[in-house]
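Read through the structures below before going on.
In the two complexes below, subunit A is the common chain; its partner is subunit B in one and subunit C in the other.
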Partner chain A sequence: MQAGGADGFRLRHLLSFRWVAVAVIVLGWFVYYPIVDNFIVSTTNEDIFTGEVTNIGLANYQRLLGDPVVWTALWNNFAYAVISIVFQVFGAFLLAAIIEGLYSERAKRFWRAVYFVPSAISITVTGLLFYFIYQPEIGLLDALLRGLGLDSWVRPWLGDEKTAIYAIIAMSQWQGFGYSTLLFAIAIQKIPREYYDAAVVDGAGPLIRLWNVTFPLTREMTGLMIIVTVTGAFQVFNEVMVMTAGGPNNSSQVLGTWLYQQGFMENDFGYGAAIAAVIFVVTMLTGTAQLIYTRRRRVQF
Partner chain B sequence: MKHALKTATLAVTAASALTLSAGSGWSASDVTADPNAKVDYNGTVTVLTKFGLQVLQPFFVNIAQEYEKLHPGVKVELTQESDDSVKDKTKALVASNTLTDVYFSWTGSWGYNFVRGHRAVDLTPVIGPDTDWGKTLVPAAVEAFKYNGKDYGIPLYLDAKFMGYNKAIFQKLGIAVPQTLEDLEAACDTIKKAGITPISLGNKEAWPVVHYAGQLLAYNVPRATLEQDFDPKTAKFDDPGYVAALQQYKDLSDHCIDGASVNGTSYASAFQQFGNGKSAMYYQEIIEFDQSTAADGGLKQSDFGFFVLPAPKDAKGDTKAVEGAPEGYMINTASKNIPLAIDFMKFVTSKEHGQVLSAPPYGQPSATVGGASEDKMSPAVVQGLVVLKGASYLMPWLDTANSARTANAWLSSLQALAGGTMTPAEVMDKVKEASKAEAK
Partner chain C sequence: MSIAVAAPASDRNAPAQSLWRALAKAFLHAFLICLGIVVLYPLLWMALSGFKNNAQIFGNPFALPIVWSWDNYVLAWNQGVRNYVTISVIVTVASGFCTVLISAWTAYGLTRTRMPAKPIVIGLVLGGLMLSPTVAVIPLVRMMQALGLYNTFWALIVLYTAFRIPFSTFLIRAYMLDLPREIDEAATIDGATESQIFWRIMIPLCKPIIVSCVILHVLFAWNEYLFAMIFSGSDQTLPVGLTSIMAKHGTNYAVVFAAMTISALPIVIVFFAAQRYFIRGLSEGIGK
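Let's look at the complex of A and B:
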């Protein structure tokens, strides 16, 4: 027997949710529950060894404000984001445009592969490789600087509080650059040739075509890359752990490594969860803002 | 990078949830080993070791195989971590209530964490001084794992810090073994003039300079004050010896160490520099002696010598103290088969296995009586044990003797001291601040 009328429609409407129920439960349990639980944990003081949990309200958030390492970490994440946008978004865009501007299909494939190779190397291997580049005694970088007569520039790049985080960021650019270039190359390939032909007929040179054709027609990819880069920069963890573990003297801490140190090194999971909450808020705000921006400026051919 | 942080964040929350639910049998109550318990030789024994280094790994692997051969119903599952990773691994296992049946532990505050969390079996009835097993172990080593009057640890080997030196370089430059810190600084000046790095030091991991500081603190701060300051509830850190000791490190660094590069160099790289004969000295643990003179290096076993980091002339503390401590294992109270876990550790600490452990390539001086067999060990390790026996006090490692937050303040601030961005007084302010916060 079939239900009819408004009631039947409502029932069918409700029943239609069964197709997504499993996905909703999985998503709720593995994504949304941990987020809510993280906020709950951040209001507690928890001793992992004894299992004692004390509710302390917003004290962990108050402590965040007065913790100088949190501010250092925030700055480092911010620097990571800005430098990554410059190199992995705009730099990668320029490189992709140059590669896609080549006439030979073979040359295009070759250069795409060349730039993509670093992205295929594991971070542990990259970390070790760059440790030997930055090492003060036998490192390639300092040897090169000495060779060029730039002795005053020689320094222990990972051991100097002023340069450690930037040395890590530089390594990260080297590794992530090729991946972004490949994505931009795909976006550029999707632009119909007619637009370029029309621009050439109008007398536009390569730079004008790049600025007035390629750049606006890849803005959706640019927007997406900015979101991915900024959220990635605020969630960075492996690179710092492998290279300096946040040192020297916490100068290269980012929010992710400081969270880890608080939870697993200092046995303070409540404070670690409060730091995780900050990361969540920052990345969610960035992601939402970017999504709204790119939705308004959708590209359709 | 995103994935790893998500994993870490989820681990924090998941670990918290699991702590609340206490899912794997751990309960907040004491468990005491039963000396009359019958061992059921069936099931699995999980073991977390600190022998993750390639050269050390075979020790436990071979013992596990022997034990499984003797008891076909038993499977030994090993998780072998390195010195750097074992702390994080242990805490992750504790937080998720998945700690192994047998796990590595240092002495001091680190070990006490397991005791106050009721995660370590009280072994007094089976390892106490009057027991059969207890009589086979070095009493002072068992004593080092005593908390609240009870024995909780199974010491496996003895460890201490010494200055390893290249006898050939010393001889060539006419340098005698330094008797005071001032002598050592003068020796460094001579070595430096000869174009050789006096002491190689890698402090990228932050704890190597903490070890220098530990030995110097023992020379400058009375033992009672040090021990009072290990506990945040009684800590004051106001003894002038603290700043004096750190100033001595600075002076030593100025004469002997390339201060600018230490934080950018790993412990392993600096160790290799010494092993390759490129530096004259290296501050190392006795358990690393045999690795200094590995066959492929430039330093021959006959050229390897060592001395205790000498005390300054005007030292106010204990000049006979040596920094070091035994290292060992504890039994998890949540283990399903505690008698089997204990039996496995009795097997590990047998005299025969002690002799294997003490001899090259492992070179870890066994804590089993008769385990440190002189005819099988390297001469340097034998001599190291003699010095260790004559020590008036074994100064524990600062980063395991202090509780977590204070320990991390030591680590990060001493990295700043080594890099020249903090003064000794500023380091002590940071340590005091962390200890006060921890006491609250």
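Let's look at the complex of A and C:
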């Protein structure tokens, strides 16, 4: 069949690159190159009037360390991660266990679908929706608080420096918990029934079964979800942009919105690129953790 | 059925214990229903507010609309939403088609050929999963300006394709790895070329995961905001268009509510119609 012998054979193997060529070129051009370029941009300063680009070394990174908004943003991203782990990882795990334990197959599917609906809707829509819900004049939240007699709690949630970022994070929990509940439900379904039967024979009650069977056997999913959640928390942009654009007084800035503010509003590409580099480092660390985690898991099975 | 919480009937229950169980069960039911209300009521409020006029919106927020008029929906549709929907459909369809086609090609090459240095290529393609679009956005602005794609929807088609190839390839590759090799080996012996095997055998066999990929891509492209805001210029997609409606009609809240509802509805319908594929895509995506 191979008339050309070894050479023809090798040629055929080289030809198989045609299957991956488009993907490699597109990724190299529009994903890898810009990310490398970002580090080069971060060491420069562009004069917006003359367009002259000067190399300023690590000055942008020095500026990062002394920029109080960067520290606010880092703290807000961190709060985002911690609160999301509580609700979208552990809360979602408990909810999935309740749903998988209580009902008929049809009811399970119903509740999973109901809780998932906000995740299908764009964050822009849910962000705007909660922008209205948090409004003091027309919003649901303050109207509800007044109705319950909690007038002292009434406030402009997004206009208050103390509550703005937490109001945004709360919206994000509302939007995202159904997604992780669905993933946990899938993981729980994969647990062999025999484990539960054995636990029942041993006289284990529902809570004991939850703690001794369901939780340990979905631990891989829990670990993965924590990593995915942290990565997501450091990339947050959309909801903050739509709801407060980082205000009031920069109190709800996250790294993504501060990058946008500096890079595109102040036209300081160099400093914006330096903020992007911080996001890169954090997401690379969590991404590597994820890789190691999934590798180790594959070896275990 | 009882898995995690409820007790099977054969348990050695004392009556008091079964009463306790019934109470716990009722409590959990009530909890699920309350949570369901917290999830769905804001969405219902959004759709209902689209029927109100401004006086009613500033009145009791829990009240139902007095007159059920579609005026706000029609106004929102005619004052921009129609254009945003068109652009969103073009960008979603074009980038979805390119992403899935390129990803299927790549997955085939990574699973069915004896390409040299395959681990490096796999690492290059799937490594893209770890890279965040935010980090690339500033250099991409300059690049798109140089290419003349800045402020057009072409930039979005290119970028949505590029940034989603790793994930789609990851899903299709995992699916192809599980397909028995005997099928395409038999076709090779019968004299089929690689292209014929790809189009006539692999694509039909991979249909379920391809549908999942398409749906997850639609969910992504319909809702994406960062790139859309920076690159689309006057070719605004729905999420960006909504914020401009907000800026334009800042005082006429009802129109904004109507526009939000129109924007959310298609994707919710897609989700309910194709739930099975959604769930397959999600579980393959994170479970492997």
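Definition applied: the second predicted complex is superposed on the first by the 252 of 301 C-alpha atoms of A that agree within 3 Å, B and C clash if a C-alpha of one lies under 4 Å from a C-alpha of the other, contacts with A are read in each partner's own complex, and residues count from 1 in each chain.
By our rule, contacts are C-beta pairs under 8 Å (C-beta built on N, C-alpha and C of every residue); 3 or more make two chains touch, one makes a residue touch a chain.
Here the structure is a predicted model, which is why all the values come from computation and not from measurement.
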First, second, both or neither for A:V86, with subunit B first and subunit C second: neither
Partner chain(s) touched by A:L158 [first = subunit B, second = subunit C, both, neither]: first
Touching partner for A:D37 - first (subunit B), second (subunit C), both, neither: both
Larger contact residue set on subunit A - subunit B or subunit C: C
Which superposed partner A:S104 touches (first subunit B, second subunit C, both, neither): second
Which superposed partner A:I121 touches (first subunit B, second subunit C, both, neither): second
Touching partner for A:Q261 - first (subunit B), second (subunit C), both, neither: first
Which superposed partner A:G51 touches (first subunit B, second subunit C, both, neither): first
Touching partner for A:I208 - first (subunit B), second (subunit C), both, neither: neither
First, second, both or neither for A:L150, with subunit B first and subunit C second: neither
Those residues of subunit A which subunit B touches in one complex and subunit C touches in the other: 34, 37-38, 41, 123, 137-138, 231, 235, 237-238, 241, 256, 259, 263-264, 269, 272-273, 276, 279
Subunit B partner contacts - residues on subunit A that touch it in the complex: 34, 37-38, 41, 44, 46-51, 53, 123, 131, 134-138, 155-161, 172, 231-232, 235-239, 241, 244-245, 247-250, 256, 259-261, 263-269, 272-273, 276, 279
Residue ranges of subunit A touching subunit C (in the complex, touch as defined): 13-14, 16-20, 22-24, 26-35, 37-38, 41, 95, 97-105, 109, 111, 113-118, 120-125, 128-130, 132-133, 137-140, 143, 174, 178-179, 182-183, 186-188, 190, 193, 196, 200, 205-206, 209-210, 214, 221, 224-225, 228, 231, 235, 237-238, 241-242, 255-256, 259, 263-264, 269, 272-273, 276-277, 279-280, 283-284, 287-288, 290-291
Residues of subunit B that touch subunit A when the two form their complex: 1-2, 4-6, 8-17, 19-20, 22, 26, 28, 87-88, 91-92, 94-95, 113-114, 116-119, 203-206, 258, 260-266, 269, 273, 404-405, 408, 412-413, 415-416, 418-419, 421-422
Parts of subunit C lying in touch with subunit A, wherever the complex brings them together: 1-8, 11, 25, 28-29, 31-32, 35-36, 38-40, 42-43, 45-46, 49, 57-58, 60-62, 102-103, 105-106, 108-110, 113-116, 121, 124-125, 128-132, 134-140, 143, 158-159, 161-163, 165-166, 169, 194, 219, 222-223, 225-226, 229-230, 238-240, 242-243, 246, 253, 256-257, 260, 263-264, 267-268, 270-272, 275, 279, 282-283, 286-287
